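Letters A, B, C and D mark the chains as written, and numbering starts fresh at 1 in each.
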C-alpha cells in the first residue's frame, strides 16, 4: 500500500531526496543464508553511476552503498550472510553542490513534477528535484542486487537500449555481448556510431531525446506469477512504469500484437526434452499471467529528459508566465542510464514472484 | 497482496470461473452514503455483455448483477445507500453449455494459459478457460460502476478502439460521440466500414485480430497519485496490463515519446483561468506520477484472440504433439469488448487514487 | 489493508449483514490440490450454529455453506479439489424475521456499535445489528474450515470455555474430551452443573454474562511467525481481538506473567528426542514471535452480551434521553458460541503463518 | 504484509540489530506540512533511553535520532516541514561493547528467541539478541513521535505502570502527574516506595519481574476505526502484542469484563453538551471497533526479563544440556522502559486510524 514500497513478499521501501544527506532503502522478506557483501551490490550501482561518459550527467557521485542491517558474519557463516531480518542500504549524497536555487524554487518546469508536487503537497523540496529526482533509482538498483541473489545465478536478467530517438537497432545484428562494449547498452555494434553522432548533436543543441529499453530474463521456470491481478505482466508493467520518465511498457510482441492475426501471434508448441518447446515468443514468456519457461521479454519507452537548455514557455508559482531554460548537469537521454534500473525492477518483480509462488504452491 | 484483489483503499476482490455457478466481487472501502442500485451497475455490464453483434461471442449471458451487501434503504435514506460495509456483487453464469470437454481437457492451446496453469497448480478447471476466462472481467466492470459513483459525475471516463489489426483511425476525425453509434467503439465514423469489412474477413477465415483501445478521463483534479511506486501511471499500467489479452500499455505520447526531443515532448505551460494551461498533453495528464489536471490518457494493446478455427501445432498434457483448432463461440477481436473493461479499470484506479489522496493530504 | 480482509497470504475477505440476503467470504491464497467439499466446512459451521440449546440464541439458521468458486472436479481429481483460485463461500440468511425495527432504528443501545456507526458513517443498517452482528462470524468459521485443510491433520486446534462470569473451571480436571459433551465447551465435567445453574439464573433475569475462552494448537512446528510486527502472538492478538465482544487476549501465562519472576516464567529446556523439551509453557508456544514447537496457547475474554432485557439508560439519534430494554433472541453468554470462532481465527492465523514461512524460508 | 512494517496508511518500517552499526525506520504516509525537527523526536527517545536509573539497563546509548529524508526547509516553510515523502530516521548504536560472544553464540537462553530464530532461519545474529533485542523499540518510539504530530496536540497519549510483580497501584490514588516524578512511571505516589524496595530485592537477587502498563488516549474523536478486521481494538491488540516481552493485551474492562453482567458492563448513556455522555468506560472508548469519543484505554502485560543471573537449565545448539546464567546489563523489569513504547504504538495506531478514517469518510 505504501507509496514508497515496492513488492509483496520481496519488499523494497525507498527513501531520500536528490540533495538530502543520503538515500537508501529497506529490503524486507529476503530469505536467510544468502551471502551478501557491499561489493556484490556495488557492481550494479557502478553501472548506473553518473559521470561515465559525456552522454550522461556530469554529476559526480561515488554511490557507495553501505549495508546497515540484515547480515551477520562469524566463523561459521563463512562471510556475511543474510539473516532474514530487514536489510537497510544507505548511499550518501556526496555531490550536492551548494548553489542558488532561487531561480527554480518557484518555477514550474515543463515535463517536470514541480507543479503537481505543489498541487498535491503544498510545498516541495526543489533542490535537484527532491524526491522526484532519478537519483532515487540508485536505491532500486541496490535492491535489485539483492533480488538477483534471491533468484540465483540460473536466472539472467539483461537490458539493452534498442532505440534512441528515431534510430532503432537492426535486430538481425542483436548481440547481448555488445551491450557492455559501448556507453549506450547498444546490442548492435553498427548502430553505436549512429547513436553517438545523433546524441552529440542533441547534446550540442542543448536538447534531449527519448529511448526504448528492452529487457530479457532467461532461466525463469514455468509457473511464476498468478491470475488475476497478480499477473506477472501486470506486476512488470507497474514496476517498469514507476521508473522516472517511463511512458510505455510492453510484453513480448506488445503493441505489435495488435496488428497480428491469431495464427501469427499464438506461439505454437512442439515437444522438447524438458517440456514444451515454443516456436516463437510473442507472449514474452508469460501466458495467463504465469511464466511459461520461455525468456521473459519486456520493453520500456522513456521520454526525453525534460531538463533542456532550449528556452520553453512556462509559469511560476505566482501564476506569472515566463520563458525558461534548465541549466545543470543532465543526461541528454535518460533511457541510457535507465537500463540498469529496468534490469533491477525486473529482478525485484521476479524475486517477489518466486517467493509468492512458493508461498502458495510450496 | 492478494492475487485476486485490486486496489489499495478502493479494493476489489474478484472470484469465479467461466463455467462455475456464478462469479462476482467484493468491493471494500467504498465511502458511505452513495446511492447504489443494481440498475446503476447493470448499465455498464450491458456494454460488456456478449451477444451484441456478430463480431463478438455468441454466448448468451444476461450478466444480471445482484447486490448482496453493503447497501441499506429505509425511508430516511431515500433509496439504497452504501453503508461503508463491503459490497458483495454476484453475477450468475446462465449459459454454461453442458458439453464434452474431453477434447480440450488435456490440450495446451497456443496463446492460452493451459500449460502455465498446469505448470503452476498441477490441475486446472478447463471448462471455458476456468479462472483465466475473460468472463472474470464482468466482475471488474461491475466494480468499475461502483468506482464511478465514488468519483462522481465530474469525472468522465471514456474508451474508444483506435486500431483493429493494421487499420488505425484517422485522428483528425476523432469524435467521442461516434463510439456509441457502432459495434466497435470506433470514434471515427469513416473507419467503421473499413473495420466491418476487415472483421468479416477475419471471422470467415476462422481467424482473429488484435486491437488498441484508448481511454481518457477528464475532470481529474491536479494532485492525485503519488511518488514513487504509487505513481498514477504505474497504477494504471498494472491495472490495464492485468486485463486478459493485454500486452502493452502507454500513457500520453507513450512509445511515441521515445522519438521526440525534449522541446517537442515537454508540455509548455501558460496561465489559464483556473491554473496552468498546458499547450499539449504528451504527459497524458500525469507528471511525476501525479495528475496535472489535464485529461488522463492511456492506450492498451490487445493481442488477437487465441481461440481460432485455423489448425495450429501444439502438445497435450501427455507430451504428445498434436494439431488442433479451437471450436466454440469466440470474439474474433477481444479488444472490442475489452473497451468497457479498460474504462472500468481506469475508474477503479482513479477511485483508489482519490481515497489515497485524501488519506494523506486531507 | 482492507478493513474486511484478514490475513496476508491466506486471505479472508468477509461481507454481509445480519439481515441481508446472505453473507460470505472470499478465501484467497489457498494452495491447490486440497480436497474440499461443502460438507467439510459444514461440520464447523454446525458447531457455531444458533439454536442448539436454551443457552444460545433461538434464531434458527441452517447456515448451509455453498462453494461458488475455486474448486474443480473431474475423474482425475477424485472429488472436488482446490485449484489455487479464490474460493467464494456463501451462506444465505434464512431467518431474517420481517419485523418492525422502528423501535431500535434511532436508538443507541449501550454496549452496542449503534452510536459509533452513526458517528462514522452517518447511516447504519440497524436490522439485527447489520454489519456489526456476530452473524459475520459464520463466514470466519467457514474460512477457518479451509484453513484447517491448509494446515493438515497434524495440527489440532481446540477451544474450551474456562470461565463463565465469576465461575472458573478447576484446571486439575481439564479434559479436552469433555468439551464436546456439554453445551458450554466446558473441559471440566464437574463445572458443567455450576454453569448450567448460573446461566439459567442469568437467562431468567433477562441478563447476560461474560466468559473466557482458551484455545490450544498442537502440532505447530518450530519456526512459524517472524519478528517484528509479524510476530505470531501479535497476529493472534489482532485476530482474536477482532471477534465481536472480545475485550482481552493473552498468550501463555499472559497477564499472570506480570506477577512472575524471571526464574518462574522462563521455560527451562532439556533435550528431547526430536529437539528441545521445554519443562513448562509460560511462553504459550511462542518465543520472539516465532513458534517453538510447544502447543500454542491463547485466551480471549468476552464481555457479556450487550442485548439484555433489563432496562438501561441511553439516548436516541435525536439526542433524547431514554430508558430501553433489548428484546429479541440473544445469547446470554456470547463467549460460548464464540469458541468455534476463536478456533477458526487461530486456524486462519496459522495457515497464514505457514504460507508466509515457506515464502521466506522455503 | 511486511514482517517489519507496521500500519496501513501511516506506515513504519523498522530495521536494525542490537549490535549493528545503526538502527532506524522509514515512516511513510505522513501528511505534508507538519513541522518536524530531530528535537521533537528526541524528547520521546530520551524517555526510553537506557541508563536513567539503577532499575534499568546500564547500557549507555545517546539514542540521538537523525532525520535523513522527508523534510524540507527554506525561508517560506518557517523551519523544517514534512513534504509527504518518506521520513528516514536513523539512530546509531554507540555502545556496542566489543566482547566475547562465544559463550552465548550457541546457547538457547530460556525465554529468549535463540532457539526459534535458529529453527526458522538456520543462523542468527547473537550479539545482544540481534533483531530480537528490545533496542528495536527505539525506532518505534521515534516513529511514535511523528505519529503524535499527525494526531495534533488535541490527542494526549499517556502511559503508566500499574503493576510490578504482585504489587498493584491503588487506583483511588491514580494521578497522571505522578508518572513523571518517579523512575517507574508510577501514577500512585504511595506505591513508589513499595516498588523501589521490591525491585531492589529483585535486582540484588539477580532476578527479574513482570509488570502491567496502562495507556490512555484522550481527545480521540468518535468514528475512528472500522469493522471488521480493522477494529481499533484489534489494531491496538496487534500493535501492543508486537512489543518485546508483551504477553497480554486488554481494552477497557478487559478480562474483568468476563466476570460482569450485561447491566454492569454496558456503559449507559446520557446526553452531554457535545454528544453522548457515557456513565462509565468499560468499553475502553471503543464500540464495534470504532472510537466512541471516550478515552481509549488499554493495558499490556509484560513478562519478566528473561536475562537473569540465576542459573537455569537449558541446551545449546549442539543439543547438549547445560546450566546457564545471563550476564550483562539488563533491565530487571522491562515493563518500565516499555511504557514509552506502549505510548508510541498507540500513537502509531491512532495516526493510522485517522488517515484511514478520512480516506473512507472524508
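Quick notes on this one:
One rule holds in what follows: contacts are C-beta pairs under 8 Å (C-beta built on N, C-alpha and C of every residue); 3 or more make two chains touch, one makes a residue touch a chain.
Values in this document were obtained by computation on a predicted structure and should not be read as measured data.
Set against one another, B-D and A-B show the most C-beta pairs in contact at A-B.
Placing every chain at the mean of its C-alpha atoms, the farthest one from chain B is found to be D. Chain A and chain B have Cα centroids separated by 27 Å.
Measuring from the averaged C-alpha position of chain B to that of chain C gives a distance of 38 Å. Between the Cα centres of chain B and chain D there is a gap of 45 Å.
Each of residues 1-5, 8-9, 14, 29, 32, 84-85, 120-121, 131, 226-227, 356, 361 in chain B touches at least two other chains.
For chain C in complex with chain A, the residues that touch the partner chain are 1, 9, 29-32, 84-85, 226-227, 355-356, 358-362.
Within the complex, the chain A residues that touch chain D are 1-5, 8-9, 11, 13-17, 20-24, 26, 28-29, 32-33, 66, 68-70, 72, 74, 76-77, 81, 83-88, 105, 120-125, 130-131. Every residue of chain C that touches chain D in the complex is listed here, in rising order: 1-6, 8-9, 14, 108-113, 115-117, 119-121, 131-132, 136, 163, 165-166, 202, 207-212, 222-231, 233-242, 246-271, 276, 279, 282-284, 286-293, 301-308, 310, 312-315, 319-321, 335, 356-357, 361.
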